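Paired with subunit B in one complex and with subunit C in the other, subunit A is shared by the two complexes that follow.
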Partner chain A sequence: MTSTQTTIPTQAPGGAPGIDTGDPDLRPAYGLIAEFESPGEVLKAAEEVRKAGYRWWDCCTPFPVHGLDGAMGIKPTILPIMVFFAGMTGTIAAFILQAFTNASSLSIWALVWVTGYPYLISGKPMISMPAFIPVMFEVTILFSALTTVFGMFTMNGLPRLHHPLFNSDRFRKVTDDRFFVVIEARDPKYFRSRTEAFLESLGATAVEEVRDDDMTEEMD
Partner chain B sequence: MSSSHASKPDLSDSNVRLGTAGEKIQQAAAIVGICGLLASAVIGFTGMFGTTHDFFVKSWLQNYMFVLSISLGALFFVFIQFLARAGWSATVRRVAELLAGNLQWAWLGLVPLVVLWLSGGSHDAAASHAFDAPDMAQVSYSSEPAATLGAGGGGGDGHGDGHGGGHGHGHAGWGPGIVFPWADMEAMKSHNPAEYDLVSGKVAYLNSTFFWIRNLIYVVFWAFAGRWYLKRSTAQDESGEVGLTSTMQKWSGPMAIGFGLTITFAAFDWIMSLSPGWFSTMFGVYFFCGCCTTGFSMIILATQRLQSFGRLQGLVNAEHYQDLGKLLFAFGMIFWAYIGFSQYMLIWYANIPEETGWFLARQIGGWGTISFLLLFGHFVIPFVAIISKWVKRMRWALMVAAIWMLAFAWLDLFWLVMPVIPMDIMTAETYMEVVEAHVNDTTGITNPLNFTMLAGVGGLYIWMTMRRFRNHRLLAIRDPRLSESLAFENQ
Partner chain C sequence: MTTLPADGFGRERIVDNTSETPGERAPLVLNMDTFGEVTEKVARVAETPRTPIAWYIGFAGSLGLLGLLGFCILYLIFTGVGVWGLNTPVAWAYDITNFVFWVGIGHAGTLISAILFLFRQNWRTGVNRFAESMTIFAVMCAGIFPGIHVGRVWCVYWLFPLPNQMEMWPQFRSPLLWDVFAVSTYFTVSSLFWYTGMIPDLATLRDRAKGRIRQLAYGLFALGWRGSNRHWHRYERAYLLLAALSTPLVLSVHSVVSFDFATSQLPGWHTTIFPPYFVAGAVFSGFAMVVTLAVPAREVFGLKNLITLRHLDNMNKIVLVTGSMVGYAYAMEFFIAWYSGAIYEKFAFINRAFGQYWWAYAIMVSCNVITPQLFWFKAIRTSIPIMFFLSLVVNIGMWFERFVIIVTSLANDFLPSSWEFFTPTWVDIGTMLGAFGLFFTMFLLFCRFLPMIAIAEVKMIMPQADPHHGEHHDDHHAHEDEPSAAPTGDAP
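Right after this comes the complex of A and B.
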């Protein structure tokens, strides 16, 4: 998530700055991917990885696997709560907007001075809730929908144009018929050899290290 | 995938048949039902608690519509599952099919109305006496009251209505005219010419002959539809024939059309025509929302109760309850409020006298309180209460919501059926004058008749339902989508 697309791996482990940028070994490790052949296997593996105490890891599957959230121990998202309060904000904001502009003569400073203009429509009261409700409803929906989409984007770290996992040719089968467990190098419990052995012990058909930049294409 | 579905589902009779378990409830319901009806009859015919004849008949109508709406909502649930080829619902669909099967007896609710029609065809003098005819003689629809009302009524929340309620409290006689004013046009002409002017243009539709032809179509269609699905679904229990599911899918489209038309016109005929001068094209949809509220609530409640009897164990889980909760949330709360508000706002904004009177009658006196109770009880409170996924997955919480919604759906029907458009709104100068004149009007909600009638009609409905539950399997055990439903998870 924190990777940057640099062509000069200045933070390569063990490498001095300014060293030959073409050496793939000097790219920082993103993490290890373990390939599985069925949803059942990846579910079991996810349980084990969670029990082993890893924190920076993920599962990648071609389709939603039921029960994976539970196996991974993913906490419920707070997005619904954000949406609820955004919706409430929309309701109240729309009411204030209408009451201020149509039913008051107040002046407030909002970048420029804005003055309300009490407007009598067909003998209705100034503050006519039935007339306000459609706008309140629409603004509630608008705020909720925007919060849902952009809240989801923000919390998922989207949009991003590239991900280190795309460096792996093996990983491409994740959109077809393979299931992956990914443990990132930044995890405190990550040790290259030990983690690799651990993933192999879970029954992975292959374990592979992924590097954290996109120089592969240029080198070929 | 998760471990809870790993074990093989228990489809044995001890899990999917009620057997003798519901016998006591069935008997108790029958006793409560008969006692309730007897008590109602005593109250209604003796006029105890100030019960008028029209209140008595309307109370029957309201409570009949209440139990009818449960079965209609269940029927909607059944065919919509086939229409959408839904997989998740296979474990709970039979409960809905059994509830919809009760529609076979929908015609019973019309029997008292037949009796009412036979009881007094004459333009009984008693009815005319109940009104202050001289007052009403001044009223003429064509002398538009909006001019006077508009000048004084800055509040504008509902002007006077073009038609006074020709069917006020205090009828001494019998006859269809006491609740359906259009059924006695002569009486209406003599004591409420304004309403007569409006309604006389509708007699091609609102006349007794056509009314009973339509009623016949409704009850026959509903009985047929309810039976049709239950019969095929239970036949599949024995044969396991997948073709039956295809047949039910194929005919779900025409069923939906027939259902939509019949409940729309039934709502027009049985509720809207109680105030025949008034009209709202949305009214059928509003009643449909009521059907969904009660139907989905009852499916939740019945499934929950069956599970507490030790049936359907391991077959219906939190996933199914969550989806039932979603449906109740969507149709019973949001859609109901949406339609109810849309109907109100159009009439409020246009402010045309012959339309606003209907809402005015529901704002004065105690009716205003009930209107607000409905707004908060049918929408705001349950909306906030079950908006969360976690609440919908808690069985007890969803059950409380279902009971709550049934109670408010009943109140909603009370609010629809009972109010009478006041006679004096034509002579009032302002909106507030009408409000103040009726500030002490009672709604009759505390009349014990409401509760005896609910016990009577509801008791018989539960008796009928328990009988059906005990005679059939509680699960479509050979539904081709059963395994999909058992493995279903909301993600």
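Right after this comes the complex of A and C.
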């Protein structure tokens, strides 16, 4: 549990996994990462990076830091709206399922030809809304929950098997107790030495350049 | 707060954080100053090559019972449901008792993860992963019983609205079908909740992994999580949405289970109190099971600073509250049976307490009504051996509650000539014990290979996680936080 307090020269990304032979500089730069030791420091740094006008940047933290969304200027996600519509879809789908299978004699094509079967149960109406509600409720929740999770991952661009940031050994501490500011090389304001000096001025304990194995993925 | 003299690092060791001081928040993470210590403590359980000997003993026993479950199920399938002791009029017995028992156990996890999350109960972070896992394994156990009790197991897909050769559909006006939807939705949503919550911690294990296999395994399941705040933003929103969705869901599931009984015409089942009464009972038994599991787990894996006495104390309080609700429901059932003036209803309840199953009723009342009342006393709430024993008693009592509701009502219904006395066979008992084998096998595997405590969430509730921590030294936290403000790189 020792923490490196010194600044590692950025020309030496050595020690990163996957670099065994050859000149590491042959790979394009992904960006610079700056390490901070506390949530408070990364919060202040994030404010400064946003004020400096960077656009392709991020903070990586072991847990969500309170106030960082505001400091970074992240817009609220549209996830709740998606979930609402997914839930409504579930409600309607469950109603149609029940009305079709139990209260109609329609034939429809749903991968195979299927026909409804009107059941008359103890003289209840064919469309027995009160009896249909539990299933409508459950399907609403099911659709909403699936949309919540898969929508969140899709918008986050996950799952992915690799990311340039994982080339840095230092970055492994991001899931433990270190807080990082990442500025990507594709940012129009990115200029290696100037950005590096800027990050150091924010009080980073270390600034390191991260290389990208495959730039094609990020070209968009 | 009880503290022990300073340890080797010059810090006071807090052992009891259960006292209530107005205006001050009791610490939920004890004797840990840095985020790294939390990571180390939890991750080491999944990483250590030296598995505790208690784990092997438990696992061997659980595997044995799991084998028994497999054998009993195969025997049942190859022979027929006649191998069970149930027969008309007691058409449901151990199978549905076990089903309701396990679904009930499965309620504590989602309650902790969803409802306590919405109520901003920070102490949930110490036990939520634990309880959520328990939920999933309990629902797995529950799912077995309706599946195998149908007789022709190979036709079990008729439960679902799938096109089949009969060109018929399930009957959606039946609570049994609502149950299919409720339980399968519950299983899906709680698994999603559990897994989503675990991703940042799986990433922690991935980043700490030494061997290639571990790196690959944890890496695959961590889905490439890198702690990006743009991701955390959506993640937190998703987590809140899941909590908001799971809250009505968890209440609906046991309500729907109770509809299986309440919508029938049988005296003793046909009562409107069933949905809330079942939900309270489910939470009651679920929390008792969390205590049953948490007490040995924190001991064996050395997690006493994260699952503190305060967590156990809080859970015992919930056991007390829900146990009182259950006791109230028992009394109210009797009152309504008398007040309704229905002779069958009246008979059903008098028969329940004094008839041929009086002993089951006596076990149920003494375990579920009297026992939890002991938790009024703080000395009992905070005594590890007593709470462990009482949690076992509550589990036994809640199993008997389901037995009493199901079997006594069926055995003596309207027509005395068709009354019956249900006796379980060895297959009944073997299947019941075997389900515990499945539950504990899954649970022990989880303890050994997955992050048992929500690492990222625990870090969030530490005072150090506040970005303004250490800025205001004049507030009431100052004295408590002072030693942790200095960076200590010496994890014990």
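Things to note:
Here, the second predicted complex is superposed on the first by the 191 of 220 C-alpha atoms of A that agree within 3 Å, B and C clash if a C-alpha of one lies under 4 Å from a C-alpha of the other, contacts with A are read in each partner's own complex, and residues count from 1 in each chain.
Definition applied: a residue touches a chain if its C-beta (ideal position, glycine included) is under 8 Å from a C-beta of that chain, and two chains touch if they have at least 3 such contacts.
Computed from a prediction, not measured in an experiment: that's the story for all the values here.
After overlaying the two complexes on the shared chain, residue contacts for A:P134 are found with subunit B and with subunit C alike. In the superposition on chain A, A:P80 makes contact with both subunit B and subunit C.
Of the two partner chains placed by the overlay, subunit B and subunit C both lie in contact with A:P39. When the two complexes are overlaid on their common chain A, residue A:A145 makes contact with subunit C while staying clear of subunit B. Residue contacts after overlaying the shared chain place A:L158 against subunit C, while subunit B stays out of touching range.
Which of subunit B and subunit C touches more residues of subunit A: that partner is C. Applying the stated contact rule after C-alpha superposition, one finds that A:Y117 touches subunit C and leaves subunit B untouched. Using the contact criterion defined above for the overlaid structures, shared-chain residue A:G70 touches subunit B, although it does not reach subunit C. In the superposition on chain A, contact is made by A:Q98 with subunit C only, not with subunit B. Judged by the touch definition given at the top, the superposed model places A:P125 against subunit B, while subunit C stays out of reach.
Under the contact criterion defined above, the residues of subunit A that touch both subunit B in one complex and subunit C in the other are 39-40, 43, 64-67, 69, 80, 124, 131, 134.
Note for the complex: subunit B touches subunit A at residues 1-2, 150, 153-156, 341, 344-345, 348-349, 351, 387-389, 487, 489, 491.
Of all the residues in subunit C, the ones that touch subunit A in their complex are 34-37, 39-40, 161, 163, 167-173, 175, 177-178, 181-182, 185, 188-189, 192-193, 196, 200, 203-204, 206-208, 219-220, 223-238, 241-242, 245-246, 248-249, 252, 256, 259, 456-457, 459-460, 464-471, 487, 489-491. Those residues of subunit A whose C-beta lies close enough to touch subunit B in the complex are 39-40, 43, 64-67, 69-70, 80, 84, 122-125, 130-131, 133-134.
By the touch criterion given at the top, residues 1-3, 37-40, 42-43, 46, 58-69, 72, 74, 76-77, 79-80, 83, 97-98, 101-102, 110, 112, 114-117, 119, 121, 124, 128, 131-132, 134-135, 137-139, 141-142, 144-146, 148-149, 151-153, 155-156, 158-163, 165-166, 171-177, 180 of subunit A touch subunit C in their complex.
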